[in-house]
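You will see chain A twice below: alongside chain B first, and alongside chain C after that.
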Partner chain A sequence: MATKPTVAIHKFSSCDGCQLALLNMGEALVDLTGRVDIKHFAEAGVLDESAHVDIAFVEGSIVTKLDTQRIQQIRKNARYLITMGACATSGGIQALKNLAKHPASWPADIYPQPEFIDSLDRSEPIKAHVKVDFELWGCPINSRQISAAIGAMLEGVMPRDDREKLCIECKRQGHVCTLITQGEPCMGPVTRTGCGALCPEFGRACYGCYGESELPKNAVLARRFLGLGLLTDQVERRFQLIHPEPERTLGLGHGGQDD
Partner chain B sequence: MERQAPRFLARQNFPLLLEQLVEHGYRLHGPQVRDGAIVYDTFHSVDQLPRGVQDQQQVGSYRLITSSNKRLFHWANGPQALKPLLQPAREVLWQAKRDANGALAFMVPESSIAKVAVIGVKACDMAALALQDQHFLQGEYEDPGYRARREGLFLVAVDCSYAADTCFCASTGDGPSAQTGFDLVLTELETGYLIAAGSDKGLSILPHLPLLDAQPQDLDIAQQQHADVVAMQSRALQPIPIGGLDRQRGHPQWQDIADRCLGCGNCTMVCPTCFCHHQKDELAIKGDESQHVREWDSCFGESHGELTGFQVRKTIKHRYQQWMIHKLDSWQEQYGRSGCTGCGRCMSWCPADIDFVKEANVLGGGSE
Partner chain C sequence: MGGKMTERRVTIDVPSLARVEGEGALHLKIEQGTLQHLQFKIYEPPRFFEKFLEGRHYSEVPDIVARICGICPVAYQVSAVNALESLFEVELTPWIKQMRRLLYCGEWIQSHSLHIHLLALPDYFHETTVLGLAAKQPDAVKRGFFIQEAGNRLIKFLGGRSVHPIGLQVGGFHKAPSLAEAAELHRYIESALPEAIAMAEWVARLDMPDEQQSFTSVALTSPHYPLETGRLKSDRGLDIGVDDYETYFTESQCPHSTALWSLLKGENYLVGPLARLNLNVNGLPPFLDRLLAKLGNPFPSQNMFHSMLARAVEICFALHEASELLRNYKVPDTPSVPVRVKAGECCGWSEAPRGLLWHRYQVDAEGIIRAAKIVPPTSQNQARIEQDLAQSLQAFGLEHSDEALRLHSEKVIRNYDPCISCATHFLRFSAERSP
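Showing the complex of A and B:
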């Protein structure tokens, strides 16, 4: 009997929510375990962190020295490495500290005994440290993404990297635009698809948790948000919420960008 | 069949029309208010229709206001009308299954005809339907799913008694009154409806309704209403000769538009004549089953311009050119007329406030 491909799920600095995308698969999880051998998945109680596997899924961002060593070993032990979620792909909410001018002084400002805090100055995505073969964006990712990724790889092809703008999926779903009817600062026009337009389905504006789409016209949307009545500071917060990115050009007060 | 001479249906008898359609086996589908917009969906009672509701549309903005007006159709339009019904945003075209011996079986879902009566189709959407029919039914390859859905439709058109700021159907020659393609057409007046048939199916419904002769003054009011809605339209799309936009690809206005455009594709998704779609396969994790799915696509999306190994339209400028030049220019060669029916949705639902008519008029060489 042929051996099944092996999989490991590793966690770094994160909330564990992306791992739930696997646990929440329901019946499909049984189908999945019929086709792959899960060697390491702490949240599901399967432990063998140093196992050599075909696919390593990595959740979380790199925030400690130990993290920097662990990720090197995980990369060495894996044929393919796939990051899952905002933390692993872009540094996550904790990367807000990357926007700070003096992050090194933070532990002393916050903790009574900062000497116990072992933390790097930055929260970094996995790709800043090792080669990443595929990224699953989202905060959190969903079961459809992980099924599609594993399903494609089991057929011997890389998963499709869909960078389409969320608006297109939102319209397919028949949701009414929150920006046009309510003046809500919806991030859909610059956000990567994949969630199924979950927030607009409930009448809420997208807040960009799936990260940037292809050809993101951030400055154009930022200007529109100003036109809707948001202050410069509010616009910046809107864009920096889940994927803080010091380089994201909003053109607020210092010229335009793009195309 | 041409639009027949109208008769009169009193307002209180309007529900009898709905009852008749249900009696004839149709599911009712029509306008109603949802999430701040007029959307078409299944309904069961006249009370679900948007009585006294009016849409205030501008480039990049859509709001509803409500008044004590008794009219059900005194509004211009919502984000969609017939397109999602005939060309579903997502459709499984076929499925493949692999048995234990590795043999593959392919299955096509049955296209069954569902009888749906759509109430309150506006002239711009009737004209768009004719274009969709041309694309899906009259080309070399007929779409069987579209055919089945189309044959099940009973269309009750309604003449517009109101134009939003974004409406320009008078300039495209498609409205504000419905011309052809409907089974029945209504003109809503204060006291009731002028009603006329446009097909044999429509004619067969009329004898079941308590109709009165249309009074000359009612016909006058209808005529005035039409003239008022034409006069209300502040925009006009100037005619574009074949090749008129294609020859303008070097015009600096394209880059100016691209600098303002988000490239989000909303204009194409709400356009009643846009029919672009892509197909993809979705694998079940078990590995023995897949679905071949067709979904709406947009020329503003990345996959639309993807050929094997390279991207044809890398910039938003090229994608905007694809959208506008196809819609207003090359469409004429393809389908004998422009692909625009003047509904104005591409402007109202544009989060970047781009005025399609103004841009087209500038690029077409005329005035704004």
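Showing the complex of A and C:
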């Protein structure tokens, strides 16, 4: 019998929601283990954090000193490393602390004894620390994405990276445009596809949980939001939510969160 | 190991605690066969949600707080909108109230069956994973997945996806599903209910340790079983509304731990399915009264190992409730009602799958959040878990090997289904023994 490819699922700072793309698969999860050999997946009870594997999937962002050491080891032990979701890929919603003026004081605001909290001042994506071979975007990713990625790897090819704009999928599905028709600040024009245009389907504006698309015209969309009557800080907040990015240029002049 | 017990000091390090949605460490010190010291700690690299809620618009809150936990996002969303809607004095329509309850049923079903089948059951069949269990008990696992899918479908119905659903908003929902969607879902739910009843009967027959402990159960109560609303009661006379929570409950930090401990008048207490069923066993629909009678109804129960059966019973309840709500489903004129912002402070709660989830917000006249506080179920159970471990391990027998003690500890901890979003799953188990 040919040996099955080996896989590990690792977790860093996250909500565990992306692992649910596997745990909510139902019987497909059992079928999957017929095709790959899962060496480590703590949430599912398979434990061997230091196993050498063909593919390591990583959920969560780097937020502690211990994390910075663990991710190095995981990279060394894996032929391919694939990030799962916003946290691992861009730092995730907790990277909002990267925009804060005094993140070092946050532990003291919440914990009476902050000296016991091992917390870096930033939430960092995996790629800030090690080489990443492929990224699965989304908060959360869905089962289709991870199945497709594993399927491609089993065929011996890298999964296809689709950075198309959500807008295009939304138009294909024929939804009422939340931006033009309803005047809502929809992030669809600069957000990458993958969710199936869920929010417009529900009649609400996209808030960008799949991250940035190809060729994002952020400044153009930001001006458009101003035209809808949003204030500068409202526009900033719109762009800085699930994938906060201090470097993103909105061309709004002063008044950003980094002043 | 040889000869007599002489000076003996053992330290075991277990790199990960499997099938617990959290990162914990357990330290035991055993001297002359008695337990001298026990510490259960949760290491959860903080993600500081309470800080970055500050400065956000109230309408963003449901999408933000969902990200605290991938397994119970609905609970976070509902506790949050409950708080904000009470401040804004929003009059919800009956349809909105019913759909909130329906959405919440979905989360209980999904989370409870995930816990029973994937996290807890393998222990009882000497397996470490659901995959091993699937080889031994294929039908039970298949059934478990079928039930879990019912939960996922309920959440998708109103929220588009089962993790971080996008359908809820302050004031109602973004969209009302169609009659056809409701009818299709109703058929699935109807077919899942008998499966869940069979599952509950099967769980009731599993051989569980019989271990009575004294503890206080705390849960919302309501005449029709609490999900998204109710008054907070305990089996020792507590009876309060949402704004009084902080008068009775206090949070403190235990050294070296990142979860805050919550105490009721200085004492530990239990939240979650067992506490809920203990306090609401009289609020079940008749078919569950009959089922429980047939199973020798152990509730109210002081045996923590009845938590699994409590989850199974709650799955049956939630499927039945969902079926009733869907049977009469109508498409409303509007899925939401207008909201008028008001400044002030507000509290909200609901019964997350793992127990009471309480939120407090301070909002300014522009609708911007100025302060937030969130007390999740796991920090409420943390002190109780520690006390339980001390009692359980002594009842189990401290003379057992370190490995046996660790396995038993994990089983005890899993009864509480400690909540996720707690990071990297390190149970550092260490036992120090001297003769």
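Going forward, the second predicted complex is superposed on the first by the 252 of 259 C-alpha atoms of A that agree within 3 Å, B and C clash if a C-alpha of one lies under 4 Å from a C-alpha of the other, contacts with A are read in each partner's own complex, and residues count from 1 in each chain.
As a working rule, contacts are C-beta pairs under 8 Å (C-beta built on N, C-alpha and C of every residue); 3 or more make two chains touch, one makes a residue touch a chain.
Everything quoted here is computed from the prediction, not taken from an experiment.
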Mind working out whether A:R224 is in touch with chain B, chain C, both or neither, as first, second, both or neither? first
Can A:C199 be said to touch chain B (first), chain C (second), both, or neither? second
Of the two partner chains, chain B (first) and chain C (second), which one does A:E247 touch, if any: first, second, both, or neither? neither
First (chain B), second (chain C), both or neither: which does A:I168 touch? first
Using the touch definition from the top, say if A:Q182 reaches chain B (first), chain C (second), both or neither. first
On chain A, which partner's contacts cover more residues, chain B's or chain C's? C
Which superposed partner A:A152 touches (first chain B, second chain C, both, neither): first
Under the contact rule defined above, give the chain A residues that sit at the interface with chain B and also at the interface with chain C. 203
In the complex, chain A residues that touch chain B: 25, 28, 31-32, 34-35, 147-148, 150-152, 154-155, 160, 162-165, 167-168, 171-177, 179-183, 186, 188-190, 203, 214-215, 217, 220-221, 224, 227, 256, 258-259
Touching chain A in the complex, chain B uses residues 34-37, 39, 60-63, 79-80, 84, 89-90, 255, 258-266, 269-270, 280, 282-287, 295-298, 300-303, 315-317, 348-349, 351-353
Within their complex, state which residues of chain A touch chain C. 11-21, 23-24, 26-27, 29-30, 33, 38, 42-47, 49, 60, 63-64, 66-67, 70, 92-94, 96-97, 100, 106-107, 109-113, 116-119, 123, 139-140, 142, 195, 198-199, 201-204, 207, 209, 234, 237, 241-242
Note which residues of chain C are touching chain A in the complex, please. 15-19, 21, 45-48, 50-52, 55-57, 60, 63-64, 67-71, 73, 110, 114, 118-119, 122, 128-131, 134, 141-142, 145-146, 148-149, 152, 160-164, 166-167, 169, 174-175, 252-253, 255-258, 260, 420-421, 423-425
